[in-house]
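Chain nomenclature is as follows: A, B, C and D, assigned in order of appearance, with residue numbering initiated at 1 for each chain independently.
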């Protein structure tokens, strides 16, 4: 597929960043992208040093200049990965979308809901595609869960319980990662609810097939001096009548990056945990619980290696990039790939949680 | 200890009942009680048949008559186990307490909050003791968790997540058990929130050492025609500033009787699951997670068999009976044994959840 | 059932013993025995003190005298529990069997194979029954596994892997328990292979339905100065052509009392672990793995409490006592209750392992 | 690092192969190799079609021709990945090693021990490097286990239990994979013992730091008509005095690709399972069990993503390729990368098992 490799650029992700490196491995894993240009830092020297270290041919320090220059080249990038702090997603995405370059953007969509609405307008007006890297939607067993729900294997969905817990912010933050993620100006007004709650909310909807319509939330900043929430708890109402709960915490000792999703219907239930991502517990009422596996009996998804050979986070992320490659080839997103709508929905969720919490937990409609 | 065995009676628990049999095994397991009298049914013939089958010497069909007669005998019962449907807890307990006979009562305390308040007044006025069988408080690792929290091993408690899920009412109920437990007249206005949510709330407080002060709840009756909730979701605020969530469901396919409690503080976290009751996950910030075991290194509680020999539900229940025996011998409840206050607190929790849910999730103070 | 309670005696199990207390709880749990006589110690004062502490009416210090006296009383014991060190099993059992009193004996059957053969002759000649408390055969899911194999659900059995690991003898022994269990004169020539390997071998045969015909064993005494093996590893050949492995260790750090049994046939496999005794993993070729539960869908065994309410070691032990009560009532052992044959088979296994190990692992036939 | 990318070739791995695709992803994941030449099939048309599909610039159908041609080019490959059936490892490796091209070879080393000895002589005489892809040695927690043992954290090693179980050959084989792996002419005389037992034996030695010196084995071909063993069971003696067991099975229903390694010493034990490869259970005598995690507290290895973000099989494989890149750059293998010695040791293990089994389980020395 070398001949057909998609030329990729990257904005953000210079030395010291976390998610940029993940995007690069993900883009490389299936051999469908070549990373050929980057604005890895706003500082030209650091941008250049990072690009050199990574063997990226063309280095920029200004994303707008990069968008213009790449759009003008016959061998310019076809897609750009945006891995900056959240407040830059809008301007960077705008620049590339308007230059006709496809965007693969990290989540959450933007720092604020108005920004998200503007980006949604721009994306919908553009012929370039917009892909949002909701990592966990790339896990094969999450997609299998989604397929089972859509196929009616659970009956009518009643209850959706989702949680995403970490402990890395249990003490006052230090370090580059922690700083921008707890700075409302760069990350947005949501702390845990934005950074990881948005993932959890997306998973709940992605698998259940039901949008969240209302939330009643309690956001707390436990660590003294913290400017955003570090623990978010919410009751959820879904479009199809399901009821749910969401917990997102960055102050939960013993939780590295634990996600648990449970979806229960009239006929059966499903449970998925990030710690064992290749398994899905499937329980039909009145029958023994089944453990479904990636690649195992009944599995209808795609897998790179057979059952019993664990795939993980990087493979899930790579699956989003494979989807992006398919999308770019086909000119449209496959139905299982999160795009601008999922991003906007996520920002509405965050905003509604913040609003509800400020209103002492009053139920708040999304959007 | 045969000479010192406590003479026990039982009200309720005739043929076809579930919890009565559990109480009988629990009373027998440590050899500290002799079950010598019973009003196992209001129907004299059934009462007699049940008593005969169980080898119970003295059978009554009227609990009031039993209280009078036993109080008058020199070899009359010293304590009575009440295992009737909830709406009978008050009159039965009153009869025995006022006859000076100690009461060991199943939970929840009563069917309604006013009944609970009345029973609390009676119990406090009585010289007889009142013990509430919150089963899960008898599990050694729950007590170990409580001890660790009290000793400060977790630092200041921030988050308490508790859940109790079953699936046996996922379809329209049938059978004696299901019928009374979903009948507001016999069980109370709370369905799942009363039957199992009260257990979950008790565990949350028992281990965290913090009373729940406010709840914001969403109670749902998913099964058509059901008169009480079968799924309860609530946000919790605790006296010490902790924030929590509680989920109690009887319509969760794949959950037999699953309880999960997580308590997280500034320094460490704890997790306990009913499916593996002899373990406790203990996670200090910045250290590898530890698996504490009943009887294992550091364990300070009591255990009947060494580490690696699983104890279960009946042993936990028996531990409450052993506590009751200690209490009766000492004339006062040990601090780790649930009594009338825990019962009243549980009823306040149920009432607050019902009120909050009817008020569309408005935060509601307990009591 | 009080009127029908079986009068029970006990030999051994005085103050400081472990397994005696377990037998007493097991006998009490289902209310089918009354412990009325005991020779709890050979020292009359200690025997009396122990009996008084336990409320046992008649105390003896000489088991032979006890057998004679009890056999002569109209209200004498009907059965005796033998919980002495292994070398006393033969003389004590002989005394009671010859007095016509049923014997419930702890395992292994005796200290040596010749003793076992003699006891087998005595037991078969006696009208009194002989029951061996192979605890793990009392676990409901072990019996369910046995039933599934017998029903052909696994097809033809190919592989049986069993292990039993502890760590309590990883260092030079101290304490009463450790001392007699590592003393060849009291425990027998087998150390780990006798104390716990015999349990593992029994489980393998009990579930697979196939006797072990040959072993090739490596017994090791890792702890300096230890007179018996503390780690036993063996290859197994079964009567039906299955091949197996057995590991029994008392020097395995991190293992409290862990037993794992896996039985695999042409059509399906089973796995059981002592740490989660209420579950059984059942895997049909080409189908998702199922988790069978005690009391759950498809379960055909007996359970005291519903699925989701864990039963443990004491309940398993009590189930053997319930079986013993059934046997005494019926005059014959139910087919799922280990008796003299299982005991003799276990001793043959131990002897064959010792012989094989001394012959540098040469395959050795049992019996 | 693009400028420094190593030019890689591949022999084998055309359409329909499994492990070839794994090697390609592994080589790509960290961006340190460019796959530029291949002899993917002996059939020129299929070789070309496979190469085109993969975007490989230079296609050969004859590996000897490829070795000559690439050695002669200034931009010829620096290393070759050999992913053919086992019987071709020797001739292919010889061709490339003698052409001065580094070899990255799949395991087991060869089909027979004499071939392995010859390859070892060639490799040692060559200036080119030889790397053997014992996948599981690339798992971070396996390396952490090895480090802990080497650092003395377990004390003196006593017991090593290892197993590797699959079920994909439980029925008569069909398909390309199954055919060559059960054909002695292509795979070697060992079936399960060679294909997966060699992995298990390597892990046991890699982590324990002790070579296996003797085996007593029982190899069985359960499936009718199978020409090689499909179930291997062995007792192990290690150089340092440890005793072990190894089970390798391809007829174990319910096991996809399950590996479990337990290493126990005088002071502590370790357990690793392939199903949860990011965890390591670490149990010091007399302390609570710890769960060590990749990236978590105390971890000293390398990881691509933080704790809580699962890495899997492909990352482990990629870590071997990263090690190969380091080795090629440095001119020598890092100490944690399996090479020709590990390969020869593995073949000695297989041969000794076959010999022992044929001699009815007699202990057989390796080498």
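We take it that contacts are C-beta pairs under 8 Å (C-beta built on N, C-alpha and C of every residue); 3 or more make two chains touch, one makes a residue touch a chain.
Only a predicted model underlies this, so the values are computations on that prediction, with no experimental measurement involved.
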Fitting the CA atoms of subunit B to subunit C, what rotation angle results, rounded to the nearest 5 degrees?
180
Comparing B-D with A-B, the busier interface by C-beta pairs is A-B
Could you work out how far the Cα centre of subunit B sits from that of subunit C, in whole Å?
35
Would you mind pulling out the distance in Å between where the CA atoms of subunit B average out and where those of subunit D do?
55
Averaging only over C-alpha atoms, locate the centres of subunit A and subunit B and give their separation in whole Å.
42
Going by the contact rule already set, what residues in subunit A reach two or more other chains?
255, 282, 289, 293, 296
Looking at the complex, which residues from subunit D come into contact with subunit A?
1-5, 18, 21-22, 24-25, 28-31, 53-57, 166, 255-258, 274-278, 293, 295-296, 304-315
Applying the document's contact rule, which stretches of subunit A touch subunit C when the two form their complex?
282, 286-293, 296-298
Within their complex, state which residues of subunit C touch subunit D.
154, 158-159, 161, 163, 167, 170-171, 216, 218, 220, 222, 231, 233-235, 237, 243-245, 247, 249, 251-255, 262, 264-269, 271, 281-285, 289, 360-363
